[in-house]
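The structure appears right after this line, and notes come after that.
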Amino acid sequence: MNETVTSLSLEDLLRGSERRGEPDWLRDARERAWQIFEQLNWPTRKNEAWRYTDLDPTWFALDLEETGPAELRQRDELPRAVRERLAESDAEAALVFANGRLVHAALPQELLEKGVVLGDLHAALRNNADQVKGALYQAVTETGLQGPEDKLAALNAAFWSYGVFLHVPAGVALETPVGVFHYASEGGKLGLSRTLVTLGANVEATLIEEYLSPPLERTHVATGEFLLGPGARLRHAGVQTWGAGVRHFHRQRALLERDAVLNDLAVNLGGSLARTEVASELVGPGADSEMLGVYFAGAGQHLDHYTTQHHVSAQARSDAYYKGAATVNGRVVYQGLIQLEPTAQKTDAYQTNRNLLLSREARAESVPQLEIAANDVRCSHGSSTAPVDEEQLFYLATRGIPRAQAQQLLVAAFLEEVLGRVPLERLRRHVAHVIEARLGG
Amino acid sequence: MKQTLEIHDLWVNVEGIPILKGVNLTVPRGEVHALMGPNGAGKSTLGKVIAGDPGYEVLRGQILLDGEDIVELEPDERARKGLFLAFQYPVEVPGVTIANFLRLALQARRGEEVALGEFYGKLQRAIETLEWDEAYVTRYLNEGFSGGEKKRNEILQLMVLEPAYAILDETDSGLDIDALKVVAKGVNTMRGPNFGALVITHYQRLLNYIVPDVVHVMMDGRIVKTGGSELALELEERGYDWLKEEVGA
Amino acid sequence: MSEAELKHIAEDYKWGFADDVEPELKLKGLSEDVVRAISETKGEPEWLLEFRLKALETYFQKPWPTWGPDLSELRRQMDDFYYYVKPPVEGERRSWDEVPDEIRRTYEKLGIPEAEQKVLAGVGAQYDSEMVYHSIKEELEKKGVIFKSIEDGIKEHEELFRRYFAKVVPPSDNKFAALNSALFSGGSFVYVPPGVEVEVPLQAYFRVNTEGFGQFERTLIIIDQGAKAHYIEGCTAPIYTTEALHTGVIEIVVLEGAESRYTTIQNWPVNMYNLVTQRALVHENAYHMWLDGNLGSKVTMKYPSSVLKGRGARSEILSIAFAGDGQHLDTGGKLIFAAPDTSGSIVSKSISKGEGRSSYRGLIKVPQRAERAKVNVECDALLINEASKTDTYPYMEIASESASVGHEATVSRLADDQIFYLTTRGIPEDEAAALIVRGFIEPVAKELPLEFAVELNRLIELEMEGSVG
C-alpha cells in the first residue's frame, strides 16, 4: 500500500518548481524523488530503524509551507524569541528563516571578501548554479537507490521549499560561527528545509542551526548535506528547541574526504516527537567524525536518535556519544550503527549511549549496533541506563543540598559530560539553561 | 540551647547484623574528640549514621544536635542544621565543579543567596590555608583526584561550609606526612567555641597534629573507654588487646 | 557446496562419517499428510495431533524473517527435506547392547557410552528422528527423577507433560518454533522432584545420519522447587553436499528456589541450518544458566532466553561462537525481567576466522514492574583474518526507573604483538594463536564440564592450524 500525502501532488511539485524558476535538472531530480516517494511505504515499527517510533502518515498531510522571496528585516523587527537568541549566539554571520521565508541575513563583509557564500538555497541556485548543482543530493540522494533513504527523505527531496547554502572556498578559515535560525509561528503547516554545506580543501567552519517556535501543531522535515573536502573541518550543532506540539524529523549525512574532520552536536529538547538521524560517511583516510548528542524528554515527549558511522576508507576514526534523560512520561530512543566495510582496515570507531530515567513512567530504548567486516580495527561500544546514583545523592545531601536540587545538579552534570566537549561557550550555556528550566519545571 | 552533639544508646543494624550496640557519646562545641578503635569496631558506621546514610537501620537511640533529635531527618536537613561528615571515601561526581557545588551547598545551608564575592573570598582563604592550587575548584568534584586530593577537598568543604559539628572519618588514611599536616592545619583553623569535632581514626598519628581534648575508644559497637589525649598515646604504644581484656570485649 | 570445498571441510571435521543404516520409514516434504503420518506412527493422543496441525498452519502463516542470516537457499529446499526418518529400532533401549551394532558403533566413536560410565547421570541418544537409547542412573530414578524421550514423557506422564508443554515456547512464538511444534520427534522429557539435586549432568546426544534430513527434537525440562540439575546436549552429523535442517525447541521451567543449567555444544557440519528456540521460565529465587557453544553449522540462529518471572530470579547466559569459512553464526541471548529484584548477565565471546561471520543479537527487556532489576551484558568479538566479520545487535528496552542496565562490546583482532611475544618464548605460531583464542574464551569455557572443555580446546587447536602467518 502506498499512501500519499493528500495535500501534495506531482502537479504541485512541477508548478512550484516553475514558479521559483528552478533549473531543469532540479525539477527532474524533484520528479525522480516524487516517484520514489510514491513507491515507498511509510516506515513502520517493522523497519528495524523505526522499531521504537510510531509514525502517522497524517502528520504529513498538512499544508506545505510555501516559500517566497526574502523579506529582509532589521534585527529589532524580528520575533522576540529570535532576537534573544541572536543576542546570545556565538554566531556573527546569521540567517533567520521565519515560516519558510528568509527574513534576516547578517553577512559580515569579511566573509564575502573571502569568497564565502552564505544564503538562501534558492538564491544560490541562481547565483552559484554550478556549485549547487554539483553538490545537491550528493549526501542525501533524491532517488533512495544509492543510499539507505526512505519515504521521509524522498518527501524532502521532492518538495523541500526553503534551504540554506553555505560554501567556503579552499583554504579559508571562518573565525566565528555561522548561525541559522529556523523559526516558525504558523501552525498546521508542513515545513521542509534543506541545508547544503560544501567546504573546499582545508577549510575551517562552524555552523549552528537552531529550531525554535512557540507551542504549535506543525511538522518539520529537515535534511542536511555536508560535503567536506580534503582536510576540511566542520563543526556543526543542530539545536532543536521547537515548542510543544511540533513534530521534527531530521536527516543529516556528511561525506568526509581525506583528513576531513566533522564535529557534530545534536541537541534534542523541544517538540512532541523528534527523530534525529545523523550519519557520517568516512570516504577518505584520516577522516575523523565526532557525533555528540544531548536530549531530555519531559511530559508527552518522544525523542528518537539514530547515528550511523559508515567507514568506507581505511585509517579513519569515528566516535558517537549520546547522552540523555527522560522524566515524567517522556520517552527516549537511541539506535546507532558502526558499519565497517572490508576496505576499512585500521579503523578506530566508538559508540556510547547513556540514559538516565528520572521517573516511574519514563522509558528508554537503546540499540547500539556494530557491523564489522575488517579485522585490523579498534571498535567498541557501550550503553547504560540507570537511575541517578544514590551514593552521589547522599554525598551531596551531607553537604546540605536537598534531594530534588541534588538530582537536578546530577542530571545537568550527566549531560555536561557531552556538552563539555563542545568549545562553543555561549551555545553550551544556552543548552544548559534550557535543560535547567526543563528540570525545574 | 544545648550546644552539644549527643549520641544516646544508639543501636544500628546493617543488613540485619548488629553493628552499633548502644553507643553513648557527647561532643560539646568548642571541643575536639577522637574516636579510636580496632578495625570493624563500628567507628565509620557511627559517622555515617550520624550523617544519615540511608543504608543503615537505626533500631533505637537518639542523635541530639543542640538538643534536637535528628534521627528521622534526611541527610541534607541534618547538614543544614550544622552537621558535616568528611568521608573516608569521598564520592566522585563528574560534571559538577567544586566551586559550583560548594556555592549551592553554602546557599542551601544559609537559605539565601551568597554573593559571589563573599563566596570566592571564603574559598580563597581555605585554598591558601590548605596550600592548594586554585585550579582545583574548577575541576569536577573528586573526579580523577588522588586519595590525598580527595581528603584535602573534604577539608576545603569543611572550611567553606563552617558547620557547628564535623565528623572526620579516617581523614588521615592514605595521606603522606605533608598532606597530613596541611589537613590538620585546616581543621585546627576551625577550632573555636562554636565548633565541635569527632575525629575518627585508627592510628594516633593524626592526633599529633590535631590534639584532641577527649579520646573515646570503640570496640564491638560500644564506647568502652574515654580519657584524655594521653589515652591515644597509650593505645599507640600498647595496641588494643590489653583494652579488650580489660573491658572483656 | 563444491566437492573440493567439501573435502577441505571434511578434513577438519572429525564426525563427518556416515553409517549404512536403512531407515524403517522416511517421510518427505512439508504437508498435513506428513504431520498426520508422524503422529500416527507414534500412536499419539488426538489433542497432540490437533496441536501439530494447528502449528503447521501457523508455520505457513508466519513470514520468513527479514533480519539476520540469509535463509533464501533453505527456503528453496523446504519441500525437499525428509521430515521424519525412523531408524530401524523399535522403541528406545535402556542398554547399549540392544542398540543395533552399526548405530551403537557410531555412538562409541563419539565417546558417549564411555562418558556415561564416567561422568554422566544419564544419557539419551537420538538417531535421526527417534531416541534409540535413554538411560538414567538407578539411584536417581529411585528419587523420582524422570529422564525419558519426549514420546515416553507424553505416554507415561501425560498430565505433568500437558501442564508445561508449549507453555514456555508456544508454536506462535516464531516461524521455526511453529515448524518444530508441527513435526517434533525425539528429544527429552526431564522432571526433577522438589529438593532433589542431580549433581552430575544428564546428557542428550543428537546424531543425524540421513542426507537431506530435518531433525526436530523437542525437550521439556521441569526442575521442581529447590531441586538442581544440569542438562547437556551435543550434536554431529555426516557431511553431505545438500543442506540439512535442525530445528529444536527447548522449554525449561525452573520452579521456586531451583537451580538449573543447560549446556549446548553444537558441532553440526557446515551444511546444517541450525534454527533453535530455547527458553527458560525462572520462578521466585530460582536460577538458570544457559551455556551455549556454537562451533558448527552453516547458519545458526539461536538466542537462548530466560524469562525472570518471580521475585529474586536470576539468570546467566554464556555464549561462545566460532565461525569459520562458509559459516554465519547468529547467536546471543534474551533476558526478560518480569519481576522485582531480578538480575542477570550475558557474556558472549565470538571468534570469526577466514570468511566466517559471527553475530551477537540480544534483547534486554525491563518493564516497569521489574523494580531494581540489574543486568550486565558483555560481548567481545575476536577477528582472526582480514575477511572475518562480526556484528553486534543488542536491543535494550527499559521502563523501570530503578533498573540498572549496562552493555559493553569490543571488537579486536588476533594481535600480532601478542603472537610475536609468545613466539619469542619458543611457542610455534599456530599454537600461540590457539593459546590466545583459548585465553579469549576462557571466562566462558571455564564453566564447561571438563570433558567438553578438553574437546573445545582440541577443536580450537584444529581450527587455528595454518590460520595465521
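Going in written order, the chains are labelled A, B and C, and every chain counts its residues from 1.
Here is the rule we use: a contact is a pair of C-beta atoms (placed from the backbone, for glycine too) under 8 Å apart; a residue touches a chain by one contact, two chains touch by 3 or more.
Fair warning: this is a prediction, and the values are worked out from it, not measured in the lab.
Note on interfaces A-C and A-B: more C-beta pairs are in contact across A-C. Of all chains, B has its CA centroid at the greatest distance from the CA centroid of subunit C. As a whole-number value, the distance joining the C-alpha centres of subunit B and subunit C reads 57 Å. If you average the Cα atoms of subunit A and of subunit C, the two centres end up 44 Å apart. Subunit B has its Cα centroid 50 Å from the Cα centroid of subunit A. Residues 66-67, 368, 381, 383-414 of subunit C are the ones that touch subunit A when the two sit in their complex.
Only residues 46, 48, 51-52, 342, 345, 355, 357-387 of subunit A touch subunit C when the two sit together in their complex. Only residues 390-392, 394-403, 405-406, 409-410, 412-417, 420 of subunit A touch subunit B when the two sit together in their complex.
Contacts from subunit B toward subunit A in the complex involve residues 51-54, 74-76, 78-80, 83-85, 87, 90-91, 93-96, 101-102, 104-105, 108-109, 140, 157, 161.
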